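The next part holds the structures, each set out as structure tokens.
Next come two complexes, and both contain chain A; in the first it sits with chain B, in the second with chain C.
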Partner chain A sequence: MSGSEFVPLSLTPLLIGVFAAVACALPGNFLLLRRQALIGDAISHVVLPGIVVAFLLTGVIAAGPMMFGAAGAAVVAVVLIELIRRLGRIEPGAAMGVVFTTMFAGGVLLLEQTDTSSVHLDVEHALYGNLESLIWLDATGWASLVDPVALSYLPPELSRMALTLLGVLVFVTLFWRPLKISTFDEGFARTLGIRTNMLGLALVITAAIAAVAAFDAVGSIIVIAMFICPPAAARMMSNRLEGQVGWSVVFAVVSAVLGYVLAGYGPLWLGASDAVSAAGMIATVSGVLLAVAARFGPCRLRSGAPAGV
Partner chain B sequence: MLFDALLLQLGYNATLVAIGATLLGVSAGITGTFLFLRKRALVSDAVSHATLPGVGIAFLVMVALGGDGRNLAGLLLGSAISAGIGLWCLNWLTRNTRLAEDAAIGAVLSVFFGFGIVILTVIQTLGVGRQAGLEGFLLGSTAGMLWNDALVIAGGGAAALLLIVLMRRPMTMVAFDPEYAAARGISVSRIDMAMMGLVMAVTVVGLKIVGLILIVALLIIPAVTARFWTERSDLVVLLAGVAGGVAAYVGAALSASAPNLPTGPIIVLVSFALFALSLLFAPNRGVLAAVLRHIRFQRQVHLRQGLLAVAQEQLIYEPLTLRLLRRHGLLRADGVPTEKGRARAAKALRDEHRWALVRSDQSHEAAAAMYDGLRDIETVLTADQIREIDNLIGGPKEVSA
Partner chain C sequence: MTLELARDNGMPTATNGTAALEQSPFAIRGLTVSYGEKPAVFSVDMTVEAGKMTAIIGPNGAGKSTLLKAALGVVPPVSGRVQVFGKPLDTQRARIAYVPQRASVDWDFPTRVIDVVIMGLYRELGLLGRITGRHKAAARDCLERVGMADFADRQIGQLSGGQQQRVFLARALAQGADLYLLDEPFAGVDAATEKAIIAVLKQLRAEGKTVVVVHHDLATVTDYFDNVFLINTRKVAEGPVSEAFTADTLQAAYGGRLATAQVDQLGVAPVMGGVY
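This part shows the complex of A and B:
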């Protein structure tokens, strides 16, 4: 395919998908090892009421208030889960289930009660986003990549997602050592003077920021899948955290690229005329990768080290 | 209008929905209890999300065979099969790989849901034109429910209830103590599988009413709610069933009473309201009860310390202690102890001396372990024992005014 078609139509969604996938997979590694894998699931459910409330308060669909609303909802959810867990002495899984379903139900109800016919805000959009629509119409080919006029019309989601990825990268690099120690041995981390509670909270907040930014661009289904599937598949490939994080990035990128391509062009190859949901396809590809890793990965078994090491 | 709805006076469709929802709520509440006690509440989330590809594929198959793609029984069968596959994947991942259960839940949930979305978009692009009903499975849609649909839901709910009645004893045992159950010759894995089968049944039946995203709430929230009220497993099960049924019934009625009130979310919110009430006001485990318990304890401590201070003629500055002593008529407004106050103070100090002796005596070790600064010594030792101790201390001494 020529650049004049690829650059405007596919380059930006592809990049956004890759950035979102990596931004979610990085914190996902630590959440997975800390047995908090479902936090991504909870956050992506509670984002909906946050966005609806932000819309009701401001009356506009704009990125800023939406992100604030979503982040606020994520914080409220984390606090509520902790509160219910402590006050009611309920196991964390059930407390999480109570909170995120209720907040999601509240979001759906609010959405139904308000008149959103004039704006683009509905549950389906929140669930599986609209990656395909994030196109860069002002591009004419590869040359546009160095054309400042065309570049200024890039979809804003791209720069936002790139910024988020950068933030996640900075967080993980800066706190690599404390994160690693506190993930594997919290008691030891505390004796070293690492404030594990604060670090855990910071990790969850980083994950929430990544989730909210990715949600805005690609919908919640990719967020959940990317938090869990690439790190889980990577866990089957390596016994070292460095290796696991590296593999998870590879898996996330492969899922995003392959998923997008399969969704956009797969049906055409099969003779159908229309594309299928890219978000769904990316999640599916990540699942296939996980299945392959779980079946053949060198470190898939619980006992740990592969034979001969 | 709401009253009419609650009394099933809003017409044929609303009545059908209310009855179906209530049956579903009862069986979901009861099934969810076993899941909750087994600490696997979120497995149901994976199961419910895993139904989506099945719904889509069943639709495609039925259309390909020339039938009506929206046949509810066919769609539910498809959803049951894909939920079963999802469950199998989940179990395989937890058993045969190093992944923890929460990661397996998340993986199954997101991948199956994503694949389901892919199939939904395939159906949309096929231009069959009659697919509108399928999106309803995400959040439930009860408008225009048919007699046949209601029959399927009622039948499914009743079957699930019957299975629960048959299996309640082994399921209770496995939920509380799997090792013991295994020692009694119960196959834990088989009971677990049956439990998951029930979850699947409830999920599939609930797809039409509350939708696959929110069905997990019906399984978790009533069970958690019921747990606040009792420590007995059979009562928890019963109460969860009642809570689920009431929430579903009231929710269905509410949603029928006004426009733009989607059934599924309303049921979940009513359910959460019941949960919040329980969290706050349940006896013993509720927040209010805990606060009251704390206040009572605080008062006991202050009163006791105040009496000891009076007995030793120390000045009391602590406002709560002063207030409590005055309210009990032990202290006059000017801070001078009353007759009764002096007597109580003397008794408190004497008890403290008695306790000191008890705690220094090895032979009273068991009794000394009960000392917490508040317990009356009479509740621990017999009158004879106390008399012996009193002989060691000597006779009562007068407290100067």
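This part shows the complex of A and C:
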């Protein structure tokens, strides 16, 4: 494929896909080890009512209010999950399940009741995103990467996702050590003076920001898959946290690139005429990678797990 | 109706005076902890004597571990006050090493033995301090002291229970603390590990450190410890083993759960007058 075709049509969706996948996979590692992996699932579902409410209040489809609505809904969900867990004495997984299904269903009802048929806001969009449509039509080839005029027309999702990834990277790098210690042994971490509650909250908020930004760009399917699949596959590749996180980034990038390419060209190779959803294919590839790691990874046995876990 | 059996043992540390509070490496006043409606620990005072090994004993569910965890801020207390070396706890974190119960963590966590020990250097390393050869050598020294140097590069899940416990002790040693607080370090470990751990603890005491252990095996109390602290939600007794670890105090702490025959085997002073 030549640059004049690749740069405008495929470069930006690929980059956005990669950034979104890595931004979700990084906090996903810690969430997975803390048995909170479903948080990504929960957040990506609960943003739907948030976005609908933002639309109802403002009446426009604009990134700013939508992101605010989504972030607000994510905060409400996190608080609700904590409340149900404490008051109802329900295990965290069940509390998350209750909150995200209820809020997602509420969002669907709200969506049906409001006349949004005239605008592009529907459940399908929420699930799959529209990665393929995030193209850079002002680009004419590789030279456009240094052309300020063309660069100013880059899809805003790209810079937003890049900024989110940068934020996630800074958080994980800066708090690597306390995150590692408190994920392994929270009681010990507290006696060291690490404020584990604040850190746990910061981790969830970071995950929520990554989820909301990625949801806006690529839909909830990728978000859910990237929070769990790359870290889970990576755990079976390494017995060190550094190794696990490194592998999870590799798996996230491979899923995004391979998924995007397969979605665009796979059906053509198989004789079909239309491309399939890139988001769906990326999530599928991440699942296949997990299955392969589960079968062939060098660290598949949960050797030190307590009985029954 | 607090049972105050430790009243007349002549120990300055067993009083509530401010002098004792100032001198003690670990002093707790009026600590109450509740997980539900019923308190797990109720209005407990404890004054640990410096340079000694103290056992916290009591029946299952008596609040032994909870007392330690709440005093260290691992679980939130309802009320109470803790002083470490006469100062507020938060200013003295660097002088404390805590060893939680082995079963409280997931040993499948992706990390190696040496990495766990290096976690003990966190206060020295800070957020972004580089781990140098000196740090690794210090961690290996600590593993050597607990007889685990050969396991430094193993994934922690590959260890036996006793080996895991020794790694936790090595992590505490790496902290270079003055006060060591261990939660059930002998629970479910092999005899060799128990010997190794007690040897290290006695060595710490010889270096002038203070050691507090939540302990469940009454048979070894007299052998291992200088002082005991008996608890059953409330404080039952506190003081030197010879004075506070008696048939009286044991009956008060364990009630009917401890058969008279068992008490006899411990070789402690007989129950006097059947008061309890």
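Methods note: the second predicted complex is superposed on the first by the 303 of 309 C-alpha atoms of A that agree within 3 Å, B and C clash if a C-alpha of one lies under 4 Å from a C-alpha of the other, contacts with A are read in each partner's own complex, and residues count from 1 in each chain.
By our rule, a residue touches a chain if its C-beta (ideal position, glycine included) is under 8 Å from a C-beta of that chain, and two chains touch if they have at least 3 such contacts.
Note that this is a predicted model, so its numbers are computed, not measured.
In the overlay built on the shared chain, the residue A:Gly193 is in contact with chain C alone; chain B does not reach it.
Of the two partner chains placed around the shared chain by superposition, neither chain B nor chain C is touched by A:Gly167.
Looking at the shared chain after the overlay, A:Asp185 reaches chain C, while chain B stays out of its contact range. Shared-chain residue A:Asp41: touches chain B; no touch with chain C. By the touch criterion stated above, A:Gln244 is placed in contact with chain C alone, chain B being left untouched. Contacts of A:Pro298 after superposition: neither chain B nor chain C is touched.
Of the two partner chains placed around the shared chain by superposition, neither chain B nor chain C is touched by A:Gly72.
Between chain B and chain C, B touches the greater number of residues of chain A. In the superposition on chain A, contact of A:Arg235 is made with both chain B and chain C.
Of the two partner chains placed by superposition, only chain B is touched by A:Ile224; chain C is not.
Chain A uses residues 235, 299, 302, 304 to touch chain B in one structure and chain C in the other. In the complex of the two chains, the chain A residues touching chain C come out as 33, 174-175, 177-178, 180-181, 183-188, 190-194, 235, 238-241, 243-244, 299, 302-306, 309. Listing the residues of chain C that touch chain A in their complex gives 69, 72-74, 90, 93, 96, 98, 100, 103-112, 115-116, 119, 122-123, 125, 127-128, 155-159, 164, 171.
Listing the residues of chain B that touch chain A in their complex gives 36, 39-42, 45, 92-93, 96-100, 102-107, 109-118, 120-122, 125, 135, 138-139, 213-214, 216-217, 220-221, 223-224, 227-228, 260-262, 264-266, 268-269, 272, 275, 279, 285, 287. Residues of chain A touching chain B in their complex: 32, 35-38, 40-41, 45, 84, 87-91, 93-98, 101-102, 104-106, 108-109, 112-113, 123-124, 127-128, 221-222, 224-225, 227-229, 231-232, 235-236, 263, 267, 272-277, 279-284, 286-287, 290, 294, 299-302, 304.
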